[in-house]
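In what comes next, subunit A is part of two complexes: it sits with subunit B in the first one and with subunit C in the second one.
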Partner chain A sequence: MNTRSDTRAGNDALRSAAVSYATLARVFSAPAFLLLVATVVAPVFVVVLISFTDYRLGRLTLNVVGLGNYTRLLSDPFFWGALRNCAIYTAIVVPISVFGALYLAVLLDARRQSRRFYEIVFFLPVTSTLTAMSIVWSYLLNGHIGPLAHLLAGLGLPPVDFFADGTLALIGLSIIGVWHLIGFNLILFLAGLTVISSELKEASALDGMDGFWDRLRYLTWPLLAPTTIVIFVLSCIQAFQVFDTVAVLTNGGPYGATEMLLHKINTDTFTALKAGYGSALTVVYLVLIGTFSLLQVWLGNRKAHF
Partner chain B sequence: MTVKAILTAAALALGVTAPALAADSVTLDFYHSQLPFLPSLIEGFRKAHPDIVIHDLAPVASYSAGDQTVIRGMMTGTAPDVYLASYASLASIADVMKDRGNAQSLDPLFAKEGKAWTAANYPPAILDLAKVGGEQYAMPFTASLPLLYVNKELVEKAGGTIDHFPSTWDGVIDLAAKISKFGDGVQGIGFSVGGLSDDWYWQMMVMSAGDRMLNDESTGIGYDNKAGLEALRVTQDIAVKTGMSVYADPKPAQQQFFAGKIGIVVESPSDLVAYETAIGDRFTMRTVRFPLIDAEKGGLPAGGNALMVLANDPAKRAAAWEFIKYMTSVAVQADVSKASGYMPVNVQSASALQGFYADHPNFQTVFASTPAARPWFAYPNNTADGVWKGVAPILDQLQRGKLTADAALPMIRDHVAGVMASQ
Partner chain C sequence: MARFSVRPILAHAVLASVAFVMIYPFVWMWRASTQAPGEIFGRLNETPPLLASIADNYARALLDSPLPRFMLNGAIMTGGILLVQIVTTVTCAYALAKFEFRGRRLIFAIVLLSLSVPAQATALPIFIVLARFDMLDTYAGVMLPYLTSGFAIFLFHQFIRSFPDEIILAARLDGMSEVEIVIRILLPAMMPALAAFAIFSITFHWNDLYWPMIVIRSVDLAPPTLGLLFFRGQEGGDSFGPLMACATLVTAPLILIFLAAQRRFVQGVTMTGVK
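After this line comes the complex of A and B, so read on.
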């Protein structure tokens, strides 16, 4: 696109050279373009096409069923259950991990010597493999043998078995989700804080804004608003993609209480082999994630005029 | 000897041996789930058949993950030659093979051996477990029927004995209720019928009442009748009348049983060795028959796995057949039984194991139920998961006493009919 407008702007004498420049640019970008089409764009189209069929994994034959998979999906209580669980999970994880990270970032920003240390400590969960850490968490939250069980027993409280109870299982997964996300958000907030100039801070201090909460409420928080919006949307996307912990710890149980959209797509497509129906679920998932991403781009652009 | 003579001899030797090796050596890719006794069996086969190379692929964590890999393999031409599949997944794999036009049953290989050979080694009831649409698509390798694992001391303290263990569910429930009265966290029975990732427990209840999981047309449940209601009633009584803790997972009851806190649990004999190891000398564990709700018509779902041959090449199929014959031979099956607790699929192994059984009565219990063995119910078109997802929570509520059997049956009926209509 850009190259074309450049050539139009260029004078006639240079036109032939510029055309060959545009061609050259296309030739150079062709491999990347083709790879993108082959590995990202084409598969999405294939999934959309399969979602209109009754294709079963492994078969050579299929029938076109039109919107059949989509109407079935609307009347599938397990689809709505998965969607509801995803929404609840997101509603728990996103606010805690965003505002928790903001709080930590403001605290850390004031630190000079120990800041690096805390950054590393809080960022470590992001670098760890969630699948492996899920197993560690299952021990930590175990109602009978873990440290939490010992703590509760020591306080004379009844044991809490996180992954045996429907409501608690979702909360257990949320705890792990917050733990994994908060470090990432913290680093983004710290980056956002660096752009707040020290002059502003000094000026506000001179005007009598001494308290921690006052500074947060009237100075830091408004200036961090654009960063917060981006982090908020990114966290929503991350939370909606929850899969590892579900697959390792609960398998969607007990009785569907922690069934999430991605996990349901996986079991329906690869365990029950219903690739057609699984593709329809995937399309719905893509639309949801796409909406979040568009929201992010739109809010991101607004930020530029802030 | 001249140089020329040596060269000639070498050429001759090469000329004779090289083609012989190339023609005789067949490599088989063998794919299976993790079974602790398998490696030594494969080693034994290598020694007995040096001409057949068994390429032992990395074992898979679960049957369902294995099925996925095999089906993917069929799509990309990298399927293993021999696959150890669970009885529950034979039909769906055979269906994919048929759809792809490369399904070959083992019937011609059985025919070559002759009827007398088959009859002398494999009982028809065992062979039936691995049939799909009447054709022998796999060779049974292990077989199991559910048993009750009991804590002998708790049972005796409650006034029962192993030798005269109740043979009806009502008798077992009475005994369990007595054990539950001991206090100190001790419970009579741990059998959360809905708390398993598949419907194995529920198949036991329905089949032992003499019913089928689905009707003949596969449009809905096959237990929408008096016997089905009785299965639901017993399922509820097991929990409600004994004060049982209902779990959504089999592990808690298992751990409590290991700790001597539960009197009776339901298990496959294949876990016998693992259970005996876990319990050690904390208490005496004994196995007894799983009671049939209908002593005459009732059956029990057979668990276990079977060897499928996926290769199409005749040389590979012939080699795979040798491997299958070895794995189901008298001696190997006796070893499998001793190492796990599975029933041997070869009839002659039982007599070879008589001395062992005399010393280990727990291993013999399963044979008492053999006449009740029925093939594991395989749902059409992989609907098992969809069916169970709706039935399991209903059974959970039933056992927690929040639903009556009369209320549960129509709920199950409607859910299963819905799944079958939209498959």
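After this line comes the complex of A and C, so read on.
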């Protein structure tokens, strides 16, 4: 701005205007800058520092233990358990919600009148308060009361109690995860599909590609693949951050079967007060999410169509 | 002839059945919130009149529980965060987009960096500082880590950068101060971006459970998410209808905003995708 100011003022005036504009710009950006340093940059450094100590919340002293927390972490079965559960949860939720959403988006892209209606319905879970809906889901998936129990009893099948059994509890959380995430991915895919112009679709139809699967395979998919990769990475980030459903429904149980990384960080740090150990876990979490985020930014800048 | 085949019907069948699963929890929540105790799980044979149950459950949710308080807390926190966020991010974005000054690149780098740091990772140090200054269990404590947003700065920066310089110059020649330029020229022009970000921010903070769970101890200050858990813990299974009425009321505001402003809402929430 200041460099291309076209007032008729002299050079001195221009220079002093430039200086005062620079001051002004600093004043304008200072609050955000200071807040970002205080609430993002500094805390990340502090977490890394605390992870080298045996600090406990509420205690006044601490000892430096070097990499002690990290070696402890490597031999902590509960850490590996949490990581494994997170990985399983992600491995279930991400493919279903990404490819499910892709399939639904392709179906929906061809609809004219009903498209708005379906968009609204599929997006509803994304807007909802997950804490409240988790309570609802706890009844929907309950083995003794609720609609699923009625359905199974009606079919003469034995009751399935999702949150009493370890494996099933993880699947139960995954069901809620897919339900919550799929609409979000669907909207991103629909945005990607509109980029593929209708002329292109007509041209492909003239070329004899009028089969649904043909079009999906030779036209839609190649054009949509970069978008899909970004959505995939994005979904991984979301899935790895699973917390609300765990905190509301299982608290990591039964017997740690649904313990997830973020939930373990929370309980170790703020319930068990082991801040040093919790910080080491946080660093692992930070590295995992940070890697995915960088990957997403990198991929997104390269070729995704939204 | 193939056009009339089963394909569209099949597509509709798939879409309709997925739609059913998506919407069923909401329908069930609403129905459960309108039923008398015992009726929900089919144990009750003589059902009381529907309106009486609705009145009973919602009256208990609104009058006998601290739910209105939770909603008020949620509104104060969400609104306060959004307001401060807009003030700090629009000014910063304006400075980054339209001025050349030393430190500009550093600030921009920090903005970009902050995008890949998840909020939960910074919880402990902020918690320690809040404890040190006796700010745990306060509104300010909940709002503090979110008073600015790297994401908003980035978004607004993109927008302001493409805003014509000539208009700003003309305003300056008319004697407007930079603050006036931000308030009277930029903000009105930025309404679409602001609305989309507002929806993103409101959704995130109204639904947030992680941070309030760490900072808030007293029931009086709980936002709706945490309040629901308090309520569930206190009342147990007997007051199922009122619990579902509470859940409905907590979920309602965002769903209503969504239905009222669908396109903008979708835009706002999917911004996390571009983020």
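Here, the second predicted complex is superposed on the first by the 274 of 306 C-alpha atoms of A that agree within 3 Å, B and C clash if a C-alpha of one lies under 4 Å from a C-alpha of the other, contacts with A are read in each partner's own complex, and residues count from 1 in each chain.
Operating definition for what follows: contacts are C-beta pairs under 8 Å (C-beta built on N, C-alpha and C of every residue); 3 or more make two chains touch, one makes a residue touch a chain.
Please read all numbers here as calculations on a predicted model, not as lab measurements.
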Using the superposition on chain A described above, determine whether A:Phe184 touches subunit B (first), subunit C (second), both, or neither.
second
Just to be sure I read the superposition right, which of the two partners does A:Leu273 touch: subunit B = first, subunit C = second, or both, or neither?
first
On the superposed three-chain arrangement, identify whether subunit B or subunit C touches more subunit A residues.
C
Which partner chains sit in contact with A:Arg59 here, subunit B, subunit C, both or neither? Use first/second/both/neither.
first
Output check: A:Leu294 vs subunit B and subunit C. Expected answer is one of first, second, both, neither. What do you get?
second
Return first, second, both or neither, reflecting whether A:Leu152 touches subunit B, subunit C, both chains, or no partner chain.
neither
Could you say whether A:Phe28 touches subunit B, subunit C, both of them, or neither, answering first, second, both or neither?
second
Quick check for you: in the superposed arrangement, does A:Val37 touch first (subunit B), second (subunit C), both or neither?
second
Enumerate the residues of subunit A that count as touching subunit B in its complex and touching subunit C in the other.
57, 270
Where on subunit B is subunit A touching in the complex?
64, 68, 71-72, 74-75, 92, 96, 99-101, 194-195, 197, 247-249, 252, 255, 381-383, 385-386, 389, 392-393, 396, 422
Residue ranges of subunit A in contact with subunit C within the complex:
1-7, 21-22, 24-26, 28-29, 31-33, 35-37, 39-44, 46-47, 50, 57, 104, 107-108, 110-111, 114, 116, 118-133, 135-137, 139-140, 145-147, 150, 179, 182-184, 187-188, 191, 212, 230-231, 234, 241, 243-244, 247-248, 262, 265-266, 269-270, 275, 278-279, 282, 285-286, 289-290, 293-294, 297, 300, 306
Please give the residue numbers of subunit C that touch subunit A in the complex, ascending.
7, 11-12, 14-15, 18-19, 21-26, 28-29, 32, 40-42, 87-89, 91-92, 94-96, 98-104, 107, 110-111, 113-118, 120-128, 144-148, 150, 153, 165, 168-169, 173, 178, 203, 206-207, 209-210, 213-214, 224-225, 228-229, 232, 243-244, 246-248, 250-251, 254-255, 257-259, 262, 265-266, 269-270, 272-274
Residues of subunit A touching subunit B in the complex:
56-61, 72, 78, 144, 161, 163-164, 251, 253-256, 267, 270-274
